[in-house]
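A single structure is presented below for examination.
Going by the order they are written in, the chains are A, B, C and D; count residues from 1 in each one.
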Amino acid sequence: MKEEDAEKIASTLEKILLEFEQGKVSPEGPFEDVHSFVEAKLAEDLPSLAGNLRIARSRNDLVAADLRLFLKEAIGQVARAVILLQEVLLCLARDHKDVALPGYTHLQHAQPILLSHHLLAYFQMLNRDLSRFAQALAETDVSPLGAGALGGTSWPIDPEYTAQLLGFSRVFENSLDAVSDRDFVIQFHGAASILAMHLSRFSEELILWSTAEFGFIELADEMCTGSSLMPQKKNPDLPELVRGKSGRVFGNLMGVLTVMKALPLAYNKDLQEDKESLFDTVDTVLGCLDAMRAVLSSVKVNKKRMETNLSPFLVATDLADELVKAGHKFSEAHELVGKMVQYCLDHGKRLTRLSPDELSRFSPNAGSLKPGKLTPRASLARKGSRGSTRMGSVEDGIKNAEVILRKNQKTWES
Amino acid sequence: MKEEDAEKIASTLEKILLEFEQGKVSPEGPFEDVHSFVEAKLAEDLPSLAGNLRIARSRNDLVAADLRLFLKEAIGQVARAVILLQEVLLCLARDHKDVALPGYTHLQHAQPILLSHHLLAYFQMLNRDLSRFAQALAETDVSPLGAGALGGTSWPIDPEYTAQLLGFSRVFENSLDAVSDRDFVIQFHGAASILAMHLSRFSEELILWSTAEFGFIELADEMCTGSSLMPQKKNPDLPELVRGKSGRVFGNLMGVLTVMKALPLAYNKDLQEDKESLFDTVDTVLGCLDAMRAVLSSVKVNKKRMETNLSPFLVATDLADELVKAGHKFSEAHELVGKMVQYCLDHGKRLTRLSPDELSRFSPNAGSLKPGKLTPRASLARKGSRGSTRMGSVEDGIKNAEVILRKNQKTWES
Amino acid sequence: MKEEDAEKIASTLEKILLEFEQGKVSPEGPFEDVHSFVEAKLAEDLPSLAGNLRIARSRNDLVAADLRLFLKEAIGQVARAVILLQEVLLCLARDHKDVALPGYTHLQHAQPILLSHHLLAYFQMLNRDLSRFAQALAETDVSPLGAGALGGTSWPIDPEYTAQLLGFSRVFENSLDAVSDRDFVIQFHGAASILAMHLSRFSEELILWSTAEFGFIELADEMCTGSSLMPQKKNPDLPELVRGKSGRVFGNLMGVLTVMKALPLAYNKDLQEDKESLFDTVDTVLGCLDAMRAVLSSVKVNKKRMETNLSPFLVATDLADELVKAGHKFSEAHELVGKMVQYCLDHGKRLTRLSPDELSRFSPNAGSLKPGKLTPRASLARKGSRGSTRMGSVEDGIKNAEVILRKNQKTWES
Amino acid sequence: MKEEDAEKIASTLEKILLEFEQGKVSPEGPFEDVHSFVEAKLAEDLPSLAGNLRIARSRNDLVAADLRLFLKEAIGQVARAVILLQEVLLCLARDHKDVALPGYTHLQHAQPILLSHHLLAYFQMLNRDLSRFAQALAETDVSPLGAGALGGTSWPIDPEYTAQLLGFSRVFENSLDAVSDRDFVIQFHGAASILAMHLSRFSEELILWSTAEFGFIELADEMCTGSSLMPQKKNPDLPELVRGKSGRVFGNLMGVLTVMKALPLAYNKDLQEDKESLFDTVDTVLGCLDAMRAVLSSVKVNKKRMETNLSPFLVATDLADELVKAGHKFSEAHELVGKMVQYCLDHGKRLTRLSPDELSRFSPNAGSLKPGKLTPRASLARKGSRGSTRMGSVEDGIKNAEVILRKNQKTWES
């Protein structure tokens, strides 16, 4: 093909793109796919040249390239939406730095924690998600063009140049692999599934915290719907939807793994099934991230209720620590406090109100303890280690998160 | 606790470890878990100190640390097994560098390819698997010790020091996250699922190639079983098992995603379900990798049958390329060769045997073509581009693979 | 083979079975599978006859028959465990017939309900599970013996007779299908997955109801574990485990579906992967059913707390109904009560304490209402329809459940 | 509400339905869902009555009823499409009653079988699918109307009457269960997954049989696509797509199981996620059934190629049976034939051409055998048992299938 013919083709293709962007032409219609559409459009202007568009390429490497270009952009969008959610979490953590609430294990009161610490846990999860999306992006960022149908091409092309023009960082290593590889799709589904799982956990907590029984937060009216029947209802629809949508994200992952199972090389039509579920997962996680951001940007924290719920038993661990310092080994101390807790339950007393007299009945060493000083707040203050729920550690965590956030924003800016 | 007491505990723990390694003691028995067992053993020698083993730690951060230590080692084993399989593939590719066979798309003959090229496609897949295992390892290599039950600890410990002693590269950032994070488990399951999918694809091909109809390879007798009923049977059991085992690996991934869905923070007993399926997937992929290595180390390639099956229609693309060079645009050339193929089928002719006279009936430009020179071998030689199935490209691919292999071996040496 | 030889084989096989049951012999050892073991044992006594055991059968129809026999028994066990759980639910419902608690939609207070009504909802779910297990059983209860390796046998056997001896209700219709069909396995996995899902929902509620915030129930100490660190903890381990185990049940279903995907006829070694996950799911659901039964048999219902939590807003629907009777159309009534609820929230009032004066400010028709009569109890009493939460309906539900239970017990008695 | 008002509402609703069917009105627009749309339309004509449409119902029981009505109809469509495919299979079996081909286990030649027998295996699978769809239908055919939001209603309604008007066979038993039960959705997904798995198996075989190497069938041109690059290609696109679409069906099942996991009673917004994947699975299996029907209606069976591929070793089992009749026990006979097969492979002989002299070298008893009579056709004729691959059995199978088909058609006629 002559260079001037190639230039004619190139400029006509640009014209078609422009017309598409202006809404003048559309791939809807009797075309097998977008590539047939483009060739047909080209043939309108360049009937004697359009057929050459297929030189040195095949639909097999084309569709792989299209899918990779789509996903590269989509991963960027998802990552930026994750960062926006990190921002909101960080904001919320800063604004509620010193709000204490019960920390739960097994959904039972365990130890007092700071709300900001809780929020930063999700910040960290999202940060791991980001690193998984970066890995998926690197996997996706490989040009398959030049692999032809399966074996490469006999035309003297330069795959590196094509890759560079399209913004790919790398070129395929093996043509058979290039047209049949969908690892990048699955890796994205995997990263999206873990993200969806994280969001389902946070949603569950927001739903719990919105119950009459917990009452820790109130969702903004716009985030809820009412009931068609019950006028008093305020339903946390958005977190419920986000929780539920983990199902379709997991399902899409399972679907594409099933498609790939036991497929012989190289391209098989089954691979056409890689697309719809990918589009669906991209849309779903973008939607869920937006929803969570909206919910958290407008949530009202019921600080008082959180504090009120800090039951005195939350400091039992601290009391045990004191007993160790007073000479007991830990297992004894643990057992003794267990007995004190039971005593309090039986006698309607608070652990922090036990008198020296009562205490020494459990152990001579216990008489000198000052359980009254072991308030939930004091418990929080005692947690000394890095990454713990003490105010100082959490402040470090916030500073750390700010640094991370700025780095993330820079890495993923569009 | 006094330093000398700590030293007593440490040396007794080492004694217990030694006894365990010598098979003298075992955690089987009435112990809730291995940690209770260790404390009970310790108490036999140090009744007044053993209880202090629990200071500054909780079962929640302990089990997370155990699981991470286990998985770090397991990932190394899996990676080394992947590399051993890469080695065998590379060997096989070198030994069959110039064996040609039909390349398939849609399981239909497409273009001639080199067996070595086909094998290197799997080498590349395994290489991506390795990079995913490296990512999973980095995710796993974080110490959760010091997170306590959920909020950190009030004891003045140094989590960095503990991490260093245990060989962890990093320390947790947030204690709530540290005890409830199982992302590393899911990420490993994800990487293992893609690996299992790759192996299922290769197994499918080995099974196909072993059929009477294909006859491309013969598996070694030790890799097959006979039939209890049919004396002539030689069943490709190992590839079939490997193909089937993708099911349990995918299932384990789905299982742990389900477990994590909508779990509130921090630790919940549901997390106990993270272990068995992880052990199962580790064992399964190790077994599958071993099986594939054994199968490929002993496979007999039926070079002649592969070459015989190279139908002359495999060079149709090359003929179309020639027509383009003779002045046709590609779409015309594609159509013309389609007609020639149909003509050959109707008249029992080979595409490469068409006379100038016959050719010019399709197009005046075609008369000068020399289809006789378009043998499958010639087709292979024409593929010029990097990563293609031409001998030269494949030799580059082999050299490249050798470099990669050495690098992998170094990265993952135990 | 002579009849007397056949009799010798039969009596020796019975001897081997006896020895196995007495623990004298075991299929552990160098045997490919249980069938090889039996043949080897038989050959010890009957060297010249044992080899004839293989006449007219193949491992392919044997393993299918084994698996069906196993599953038939297992389904019976599972069904009986489901019925035992139904019994406990019914008992609990009877014992707490008139305990009222808030009914939730979106985990928000919706309308008052009776605890017995809530428990009967699970009774109904389990009843559907039973009907699915009955369907799986019918599917399983087909003898594949006589299908041989894949095509039947040339020996003059009578598959109906063999089926009858083994207690199968039906005989296979098509030999190729008989050796490659695993629908019955998947159908069981499907039924087990829905059961596991039901149990995960109930577990979630038990966990919620055990929180300090809800406080609706207290699990027996034996059903919980303490904390290694926090002496005051009482963790609902059993419900948590049951909730988590839904993951492995779903995963096993996904695993076997993946195994079967795209397998050509007839038997393939991949089918060997049908067993372990089936055994695991059987054990898992049996364990979960037992656990739930133990938990519910010993649960303490905190009736007072449930009643206390009946917020006055729960009767909002009833108030709206009254407004309709007073002349408003429903949508207006719904809106008006919404405003009243907001008014109460703003002024710290109870909906049931609004004065005629206050009421008429919302609508002239509202002045004559008697909201004070709209207690949660009154609301419960008003629900008139069959299947509703009114005491009368629930009593009918209990009677109905008793009938169902007796029928189930009879159907599934072992 | 007065009876005349109710009649006005009813007739106006019918008018709206008519307008919808005529395309004059559409629920697209600012309506929350179809119920809001209907109420808004009603309010245009009956502003003072429309609001009463909500009396005695809630969106919770409405959406459950809608979904059940949709699925009841969809299951009927799917079942009828299954029956149409059974018809085509039966036709094809009748038309190729006596075509023999190699039967495979482990994809290795095992014994000769009849193509009609092979096709009837799929007929049987589809018949089990039908019975699962009938079970799913029975599960779906329950009216939830009257359950209200969760607890029933205080309006004096008659759920039986509503159910009857809408064509439901049964009424819900428990209102809480009625609004939160989605078992019927999952049961349908399960049945559809097994069907999709069956179709993936058949597709795999059609793809294999279409290869140059097998060459057993030729798909009609309209069922295939060509290649954009390789003019000679004829790709079995439809079976490939059907095989791949098993992925989305399995994925949808996994998705909805995940959604339901650990959801507390009663309705939660997560349940909104039950719809899209259900619609998708209905459309997918309908499409796959249509595609398979089209493919099989137009497939060309290459009878000659199938027969040619009947290798003489396929009769090895028959030869072993003969040896048993000649006095050997089966295990000996099995071993002897194994040696004969090896001898034939080594000396390039056919098993059926061994001379008495050669035979007696393996065993004195073998000399009198007539292996020449053991043709594949003779082998087929010998299979005597019911359900086997002998012509007589297959003819019975066809007659049986005809009866079944007529019964199915009657059961599922629309």
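Note that in this section a contact is a pair of C-beta atoms (placed from the backbone, for glycine too) under 8 Å apart; a residue touches a chain by one contact, two chains touch by 3 or more.
This structure is a prediction, so every number in the text was calculated from the model and none was measured.
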item	value
Contact-graph separation of chain A and chain C, given in steps at minimum	1
Most remote chain, CA-based centroid, reference being chain C	B
Mean-CA-position distance for chain D and chain C (Å)	26
Rounded Å distance, chain A centre to chain D centre (Cα mean)	37
Between chain D and chain B, distance of the C-alpha-averaged centres to the nearest whole Å	33
In chain A, residues with contacts to at least two other chains	54, 60, 104-107, 110-111, 148-149, 208, 227-230, 235-237, 240, 243, 246, 250, 253-254, 257-258, 261-262, 268-269, 317, 334
Chain A - residues contacting chain D, complex	32, 35, 54, 57-60, 148-149, 225, 227-230, 235-237, 240-241, 243-248, 250-259, 268-273, 276-277
Residue ranges of chain B touching chain D (in the complex, touch as defined)	102, 104-111, 207-208, 210-214, 226-237, 240, 254, 257-258, 261-262, 309, 311, 313-314, 316-317, 320, 334-338, 340-341, 351
Residue ranges of chain C in contact with chain D within the complex	39, 48-55, 60, 103-107, 110-113, 117-118, 120-121, 123-125, 128, 131-132, 135, 139, 146-157, 159-160, 171-181, 183, 186-187, 190, 193-194, 197, 200-201, 203-205, 208, 243, 246, 250, 253-254, 257-258, 260-269, 317-318, 321, 324, 329-334, 379-380, 382-390, 393, 397, 400
